[in-house]
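Shared between the two complexes below is subunit A, which pairs with subunit B and subunit C, respectively.
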Partner chain A sequence: MFVRIPFAAIIGICFTLSFFLIALFAPLIAPYGYDEVVSNGFWEPATSEFLLGTDGIGRDLLSRMIYGLRTTIWIATLATILSFTTGSVLGFLAAVMGGWIDQALSRFVDLLMSIPSLIFALVILSITPITILILILVMGLLDATRVYRLARAVAVDINVMDYVEAAKLRGENRWWIIFREILPNALSPLVAEMGLRFIFAVLFISTLSFLGLGIQPPQADLGGIVKENAEGLTYGIGAALYPAITIAILAISVNLVADWILSRTTSLKGGRG
Partner chain B sequence: MGSIASVLAQRIALGLLLLFLVSLLIFVGTILLPGDVAQQILGQSATPEALANLREELGVNRPPVERYLDWLGGLLTGDLGTALTSGQDINEAIGRRLANTLFLAFWAAIIAVPLAIFLGLLAVRYRDRWPDKSISATTLTTISMPEFVIGYILMFILGVKLNWFSPTAVGYRPDADLLTRLDSIAIPILVLTLVVLAHMMRMTRAAILNVMQSAYIETAELKGLTRFAVISRHAFPNSISPVINVIMLNLAYLVVGVVVVEVVFVYPGMGQYLVDHVTKRDIPVVQACGMIFATIYIGLNLIADLVSILANPRLRHPR
Partner chain C sequence: MTEPLVRVRDLRIGATVYPPNEKPHDIEIVHGVDFDLESGRVLGLIGESGAGKSTIGLATLAFGRGGIKITGGEVWVNGRDILQTSRTDVRSLRGGEVSYVSQSAAASFNPAKKILDQVVEASVRYGKFSRSEAESRAVDLFEQLGLPEPETIGNRYPHQVSGGQLQRCMTALALCPQPQLVIFDEPTTALDVTTQIDVLAAIKKAIHETGVAAVYITHDLAVVAQVSDAIMVLRLGDMVEYGTTQQIINSPKQEYTKALVSVRSIEHPENTPTDEPILRCIDITASYPRTKLDVLTDVNVEIHAGQTLAVVGESGSGKSTLARVITGLLPPRIGRLVFDGQELTPDLASRSREDLRQLQMIYQMADVAMNPRHTVGTIIGRPVEFYFGLKGEEKRQRVIDLLDEIEMGIDFIDRYPAELSGGQKQRVCIARALAAKPKLIICDEVTSALDPLVADGILRLLLDLQRIENVAYLFITHDIATVRAIADSIAVMYQGRVQRYGGKSKVLSPPYDDYTDLLLSSVPEMRLGWLEDVLENRQMESAGN
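Let's turn to the complex of A and B:
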């Protein structure tokens, strides 16, 4: 079967793939170390030696961005996996079990979603130590609420299908029904949603780091690198714009891919945003 | 009529219940998490006396229920307590900053709302042609950018390179005249406008398309009504409710955007106050700010809910 892929989706796929490859092979690609001070000057313009110039304390900006991209993608991927497994398993469970379990889970999710995620994350981070593990947990679990809603909505529809009824009458247990009957049929809307959740995680971790509440220096993700170099902007030095634009390009490319997958699975509309 | 009033009252009561639960969530979130709070705040090198003092001040030794009731009582009587780090009265600090934040959000909304509705209508009118396509491409781009990215790009181009407006809001004084105040927040307003515009346009477009594609519009067209009559008699009344819904949801979204934008432009508002005190681990301030943001957010969502009930008779009779 030959599928015609729209131009925008091809661009999206190419960029997304190259971002992931760069992230994967960061130590091989980056010319210098991520916190290696290579020059005495600060915010030097681009030269053949330092392709994007140096940052505020004389580190190679390009190398730092390559490692930053790696950190951003790594954390966003783990957070997405966490939000997906928790969200979809709980969502399916709520749909299959029904009754008070469904009510309790759904009302709790309603409660969590009634506060903006960023505000809630800030409240939690004011008291926990800020480590990568905690960041992933906070982002993943806050985002799991949206996956939960989608997974539950999809599973409620599937749960009344004849083949599920048949499986129940055969006497299969709940986990069989969740993993062997519902999961395969709910997969396509969930995969489309996965791209959107990944973007959300990228934007979330970038924003947290930008606010100084994400990855702590000397390590940095893209948002953190924007923060480090933001001061230069008022003096007319555009170093902070490179990582900023990289975040935007990463998010847009994944969005193009997600949009394409979403338009191919329009029969089930996922909750956006 | 009695039924409408009772449905509305029910919704408001639900909103209040939600607020109560949120206060519980925020309180529990800052209390029951693992680890010694005092140690977290003061760091590893703190002396035992300092730790003991801070624990006393935080009231860690008292039972949580009692502390929660104290805190809730303070909230209800409008007493937010004092900041740990500066010993300042939180009410006073927030009062000033809340006014600044609302000023910023107000101007962003004044520009964004009519523009979004206009562009949304334009997208519907020229559906699948270039105005619609370019609008959705722009939407996709701005949705994919975090607020601070848009903020810095505009700051660099408009503020630093072209020097049209003041690049940061450092010089913002609430008592200056309106024009000076607007100049120092012109770029933040623009950023916030762009951020909510995308969502609002997309949702307005979807809401109006939904109405335009319904059967009664087709009937109206088929029975030979003029285009104007179709829109004013049938399409417009039915799209008020979804559009107002869209506006309210996006104003709620604005509340979050404000936090980041204030930090980018060093604007003395609530968002910057919150982020500052999260870094300093000043829990009473974080709780108070978190609660205020949550209240505004829930309030706007509640208004969206109430408006749709008022405008749509079908929602007045819950299943």
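Let's turn to the complex of A and C:
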């Protein structure tokens, strides 16, 4: 199946995989706890004891970043899964049902999309308690609008194929048509999109935390660590750069994988194949 | 003897293939073809899909479509080997000395520019004629090709003329710069039979009057017999037989050519109607939602158990709409359906599973009629499971039996549609329909996307299955030859009405009404001089003109 993986994709896969492994085994890997104050100094330079130095209140930066990565990936993954299940099921449903259901759903999604998602999220998060569950819900549902658009567009194309008509003539119900006829054929573009949406979720949660409306201290996440250490930049201390670079590398590596999946699916079997 | 205009020697063409799970590698798709063509003569290239017809045609323009390379041999046009000349020379050759008429004029014309601008473009660009000379040439050509209002038709946009007219405009486009060679690549294949005949006649006349040499590519031997002086039969990139049209049609030497010439020789004696029809369409009038136009008007037809009703007509005559009405996809505005003595509810949603089972459908394009992500086993197995509740081993056994019935083996069970040939795909669709043990199968143009020999096989299979399973067919087609081969009764449709209806022998014997006469006479026959005979004797002009 995987005959020739392009070099860029291999790099992407390696990095993505290691990020996920680090996230999964964070408690085993991290030398200290995420909120453990291990030193009396602050913003200490890297030593053999603290590989990336310490942060503004003397916590080990590396440990904090490992836990931060775990939180970020965890939230982004759940939000992506949520957005994909709701977005694609509703999108397929709208395409298959047509008529007023399609109209109602599509116009509602248009309405949501007309408001910039960051502003929308900030409004909601400023009136609700900020818990991880709420964060996931808000991010997932906002992103679901984009997935809905894609899923509906793909499904509308597939829905007019003769094999779907054949299934309707056979008397199959709607769920068979959605899950057995349309879904397998819509999977490739959706999976590629999933990679991209995951990155957006990472960036989104990081942005929220940076603005102070995401993960609350002492919990760690990448965007939050940037915020905590941003002040150090004025004194020439680069602690904030490490989590920022990690976000960048994570985004790029997942992107490389998504790109590769997308090119595989479009070059083979004429597109949706 | 003087040098012929075109001399092709040992032409070899290769392509790179990218099979899944393997490294890309090069294959040869044309294995050394030779031919000569003199000015004013027409060479027909014929063969089924994948035979290399178009590839060879384009090679005379020193052109290979994406991924195709001309790997060897010589193509001499007008005394020079165009495979060896520089790019600039080749550019002046294309469209100037050698021009090309493609299958789909609608896809080849630029929809944003007027026809005349596109017709004169090459002549002006190569400096062969001034703009005004080229325009008057174009008008002459329009007239020669029998287009209406030759003076002004060029000022229209491509969507403002009919398909047959556009195909003739394309011929004018090709002939305008006074080329020495024109490549016609299936110019009439996408047209209705009744339109095809006029385009064919126009092309033949234009070739004759301008004295160009032409290569005529088609898969229909009867068509090519009308226009060409010599015919080359190709198969899988090899030349099978090359001779004069006279010789190929009247005394073919190779087995493959003989099969092509005698295609559609299926004999099916007409059955007399039984007492109770399996399906009666009573006074069906139907229109599409939110339109006022009736696509079907007062259609009354009957299908008898184990027999075949063929519905013929050109595109837009309402054949497929009739199928949609019967299947319940489009409830009729007026009229009713009686199936096996029971009233059939008009819309799909209210029909019982049993009603749905009795009535199956086979589509024209087998590749899109099967879910590309399902295996053959799933595709055929689903109706077995859905209607009869068979599971596991029982279901598998039934699928194997069905595969056996369509003359395919058990090893196909785990294959995906993409791994099947066109004929095999259509067989799987037939098996899927049969799996429901229906009383009636609607066959919507099931053979029109297939090569003639493959189509023949499918028709034979359908007839055999009809005998074994006693299933009735509603056979929708535009191809009279198919109708002759398999029908018991025939309904000729024209503009949404049944023009002529009855037993096969009755419908196909004179006296005809004008439309049936036109339709029947437009079907190319495998004999020389047929085109001239028809044009002289017919009573009605086709609608596409």
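We take it that the second predicted complex is superposed on the first by the 264 of 273 C-alpha atoms of A that agree within 3 Å, B and C clash if a C-alpha of one lies under 4 Å from a C-alpha of the other, contacts with A are read in each partner's own complex, and residues count from 1 in each chain.
The definition used in the following text is that a residue touches a chain if its C-beta (ideal position, glycine included) is under 8 Å from a C-beta of that chain, and two chains touch if they have at least 3 such contacts.
All of these numbers come straight from a predicted model, not from anything done at the bench.
Once the two complexes are overlaid through subunit A, subunit B and subunit C fit side by side, free of any clash as defined at the top of the document. When the two structures are aligned on the shared chain, A:39 is found in touch with neither subunit B nor subunit C.
When the two structures are aligned on the shared chain, A:106 is found in touch with neither subunit B nor subunit C. Once the two complexes are laid over each other on the shared chain, residue contacts for A:116 go to subunit B alone; subunit C is not touched.
Of the two partner chains placed around the shared chain by superposition, subunit C is the only one that A:170 touches, whereas subunit B remains out of contact. In the superposition on chain A, contact of A:185 is made with subunit C only, not with subunit B.
Put simply, the three-chain overlay gives an angle of 90° at subunit A, taking C-alpha centres for subunit B and subunit C and rounding to the nearest 10. By the touch criterion defined above, A:77 reaches neither subunit B nor subunit C. Of the two partner chains placed by superposition, only subunit B is touched by A:234; subunit C is not. When subunit A is checked against subunit B and against subunit C, the one touching more of its residues turns out to be B. In the superposition on chain A, A:216 makes contact with neither subunit B nor subunit C. Distance between subunit B and subunit C in the overlay is 5 Å (nearest C-alpha pair, rounded to whole angstrom). Shared contact residues on subunit A (touching subunit B in one structure, subunit C in the other): 273.
The touching residues of subunit A, counted against subunit B in their complex, run 111-112, 114-116, 118-120, 122-129, 199, 203, 206-207, 210-213, 223, 226, 230, 233-234, 236, 238, 240-241, 244-245, 247-248, 251-252, 255-256, 259, 273. By the touch rule above, subunit A contacts subunit C in their complex via residues 1, 3-4, 161-163, 165-166, 168-172, 180-181, 184-185, 268-269, 273.
Listed in rising order, the residues of subunit C touching subunit A in the complex are 20-23, 327-329, 348, 351, 353, 356-357, 360-361, 363, 365, 368-374, 382-383, 386, 418, 432, 436. Considering their complex, residues 18, 21-22, 25-26, 29-30, 33-35, 37, 40, 140-141, 143-149, 152-153, 155-156, 159-161, 167-168, 199, 252, 255-256, 259-260, 263-264, 274-275, 277-279, 281-283, 286-287, 290, 293-294, 297-298, 301 of subunit B touch subunit A.
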